[in-house]
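What follows is subunit A paired twice: with subunit B in the first complex and subunit C in the second.
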Partner chain A sequence: MSMPLLEVEDLRVAFPGRDGPVEVVRGASFSLGRERLGIVGESGSGKSLTGRSILRLLRPPGKVSVGRMQFDGQDLTTLSERRMRALRGARISMVMQDPKFSLNPVMTVGDQIAEALTLHDRGSTRRQRRQHVIEMLDKVRINDPDRVAALYPHEVSGGMGQRVMIAMMLIPEPDLLIADEPTSALDVSVQASVMDLIDTLIRENGMGLILISHDLGLVSRYCDRILVMNAGKVVEECAAGALDQAVHPYTRGLLAAVPQMNETRPFLPVLDRTAWEGT
Partner chain B sequence: MSAIALVNLTIGYGGDPVVHDLTLDVAGGESFALVGESGSGKSTVLKAIAGLAPDWHGTIEVLGTARGRRPDRAFAQHCQMVFQDPYGSLHPRKTIDDTLSEPLAIHGLSNRAERVVDMLRAVGLDQRFRFRFPHQLSGGQRQRVAIARALMLEPRVLLLDEPTSALDVSVQAEILNLLKRLRTEQKLTYLLVTHNLHVVAFLCDRLAVMRHGRMVELASVETLKSGQFQHPYARELYAASGGPSTEAASALR
Partner chain C sequence: MFSATRDWLTDTAPRSRAQANLGRAYALTGALLRNPLAAVGLLIVATLTLTAIFAPLIAPHEPNAQDLANRLMPPSGAHWMGTDELGRDIFSRVVYGARITLMIVVLVAVITAPVGLIVGAVSGYFGGWVDKVLMGITDVFLSMPKLILALAFVAAIGPGIENAVIAIAITAWPPYARIARAEVLTFRNSEFIAAVQLQGASAARIVLRHVLPLCTSSMIIRVTLDMAGIILIAAGLGFLGLGAQPPLPEWGAMISRGRSFILDQWWVATMPGFAIIIVSLGFCFLGDGLRDVLDPKHEGRS
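Up next, the complex of A and B:
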């Protein structure tokens, strides 16, 4: 493998609690090339915080400490806020869970995508940007992009909103895309098409992807490598195809707890949480 | 006798109808699922049966009694509903004990304390939760409370609106197991709304696939397990849900 795109060592996130700080991410380490990495875990496992800390999007009182965090040779921990801003969106971008809350409600879809472009590419003219936006909307398979560009977020459906988000995130041609539960707010039939779209664009542009999800099936379908997180720690790392050989009891428990389409078990096995947590 | 019988049911919210001409028959003791995308009208059907969407015409019969458009105490005793979001469906300033006693008070039933204790046990909640508030409980525990509340009046029909979609997979497994066990123990009839076909395969006997307010296919769970749907939309939904089993899951077999 060539030089890794992103390296994270010993990432820790803490929030103040009644009895001193509570560590929510407890020493996560991983590296990523131009590949598709999945992070799975249940709510509270720290997977989303891990994604956000990479972009330094955590606000106080949340505290991030990290042994080493390098992106493409740059040290993300010491970068000034100004340089960091130039990096966000342009080099690393993020797709959030719900398009309803992450799009600006008072700006048309076209203007929002153009804004992403303006911020990182000041040289282009208005007309060029407009052209670029329409091309991008076409790329995320929106029929009639001219019409959609003039719509406001409340006028588009959930699936279309998420496509708009993806268009906005990919238009500055970043090297790394962090997708935090990109399809959880969408219907199953739309989910597959949005994931296929992300997958195609990632491959075409040779980007890296971090897919954060609670859905083991989704992650194993769309990633090369999987990290399983539980209670702030990476408990298992494996190739997506080898998920069946997962050894950690938590991973095995999660796999077994998912009901199957051709279900024959009278009852589903339930995680015994006492087995690996200190609580 | 069928537990739920819907005949030519059309439901709206004041404007154009959202559900058109639905005819459906759920047998006593059966677990029946309505599946489809958001906007397909599946939840609206449940709301109409529960009396939360009064703008309908056609016939709604539960356990042989026709439902009127007004709140109906006798009806509520036989038919209760569990909602999707356990974070939003419990009163934040009432203790679990208050929440569970309220239906008993409304219906003038005695032995309240005893019934609450029994019900907590039935849904697998420790007695120490009895005097806690909803915010002190996890999502799975809250959904157990919501199920307990629905069962307080010992209804025979339970309407379940996406009972596990707000929960993590491991918690989902616990709630699904609970629903399955309660159904056998109390001989309940379920009408379940979900978009998750895997849940249907685990919990249900039959399912109806809905789209744009109409039922496009009525199938047995065997059809679901083998994927032998007739209607193209039902097949599409099946394929989008990952077919017979996802890679991750088949790996375990």
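Up next, the complex of A and C:
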């Protein structure tokens, strides 16, 4: 791994609480090359917030403070909002969780995909953009892209919606894709095909991927490296293949809680938080 | 042949997008016309529009042609609504007045709706002090009665029909800003706005391309409902001599002239009054009907 694509050091996210600010992400650090990084952790462990803070798209009143955050040599913390906008979408983009809520209900699918092109590639003509959109829809394996481009989001299924979302986020050919639980809103049979699709496109374009998920199996299958987050901290970092040799008690607890095929245990173990929190 | 068209329109499995859209329009029109008041409203507004367009063909006389020998004649076969103090045919004047009324209504709508939309959308989208400042200004305008404020503006910039339009527009936008802001607040934190943000769209682009289109349907309904009020204010200004100036056949101004003869020659003031009432009612009915038809929350309920 030569120069890392993204470096994050001591990322902290805080929200104001009744008794002063509450830290939700508490000093996460990691770096990433053109590889596939998985971030796992339970709900509320700060995975999604980490993803959003990289793009500096945290809604107020959330506050981000970070020791160092560099993307491809650029310091993300000091970049002006205008430069940041040029980066969003074009260099870093993000696939969101539920296509039902992340697509604008009153714009056709094709127009929404073309939006990123209009924003970042001003030279292209309408016709070129349309051509590009159709190609992209074809690439995310949508049949009859001509027809689908003219549909509104409520007219497409969940799996199709997520493919559209992927097309929308990949069309400007970013260097880094953040996928925030891209398959949680989809049913199991569609999940695999959507993940395979993301995987293929990432490999083809040689991009970096941050896959945020709570599904250990999914992450170990589609990523090279895994970060385990708990209560806002990175508690373990390991290669995807070496997940079963993880040492941190939280990771061990998570692994133990995954049901096995041919299960023999009468109960699935519950996380025993006393092992690492000291509470 | 009609039944074939009808079947094509009501086909539950349309074969093309155009057919689906036309079918939807057909269903909406049907729903609108099933509501008797809305049908009446639509009829009145359609009549008003047609009258305004074809005024020269409909009016039997020139609206400003004076005939002093026949002044203050009661309604008769020759003059359906009688004549006024200068012997002008009131019916012709009412017909030409439709043009002025329609023009005022359309101009005010064209000016206020976009202004209100943009102020409201910007205010709702950015929040914070932008919201406070813009809504503060809106509140200042809202806190004064519309007619009084319009009167003050016309008095300041001088009487005349264009100034009346400007004055009404200045007083009419705040409710739209309020509605637009409320709409925007409901979806400004939604995921699809976040999605365009992370595509790198600028705030202006998000407001114009992604936020405004979502507010338009409630705006259309509100504007239609407000048209009655606009007509009344325009007539009120005309009545007070601050709107359209003589000899323009504006309904409010006509009532004002007829006021002097109201006991002996009642028709001079009454005929344009009827026109105002009917047209205002028409817009109210139409707006109510549109709200019932266009609001998806009411769909399926009768």
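Rule of thumb we're sticking to: the second predicted complex is superposed on the first by the 277 of 279 C-alpha atoms of A that agree within 3 Å, B and C clash if a C-alpha of one lies under 4 Å from a C-alpha of the other, contacts with A are read in each partner's own complex, and residues count from 1 in each chain.
Keep in mind that, in the parts below, contacts are C-beta pairs under 8 Å (C-beta built on N, C-alpha and C of every residue); 3 or more make two chains touch, one makes a residue touch a chain.
For clarity, every value in this text was computed on a predicted model and none was experimentally measured.
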Contacts of A:Met107 with subunit B and subunit C, given as first, second, both or neither: second
First (subunit B), second (subunit C), both or neither touched by A:Ala257: first
Partner chain(s) touched by A:Val133 [first = subunit B, second = subunit C, both, neither]: neither
First (subunit B), second (subunit C), both or neither touched by A:Met69: neither
Touching partner for A:Arg59 - first (subunit B), second (subunit C), both, neither: second
Which superposed partner A:His120 touches (first subunit B, second subunit C, both, neither): second
Touched partner set for A:Ile198, first subunit B, second subunit C, both or neither: neither
First (subunit B), second (subunit C), both or neither touched by A:Asp244: first
Partner touching more residues of subunit A, whether subunit B or subunit C: B
Interface residues, subunit B side, partner subunit A - complex: 37-38, 139, 168-174, 176-177, 180-181, 195-199, 201-202, 224-227, 236-237, 239-249, 251-252
Residue numbers on subunit C that touch subunit A, as the complex places them: 17, 189-192, 194-202, 205, 209-210, 213-214
Touching residues (chain side subunit A, partner subunit B) in the complex: 42-43, 158, 187-192, 214, 216-217, 219-221, 240-241, 243-245, 253-263, 265-271
Subunit C-facing residues of subunit A, complex: 55, 57, 59, 85-90, 93-94, 96-98, 101-107, 115-116, 119-120, 150, 165, 168-169, 172
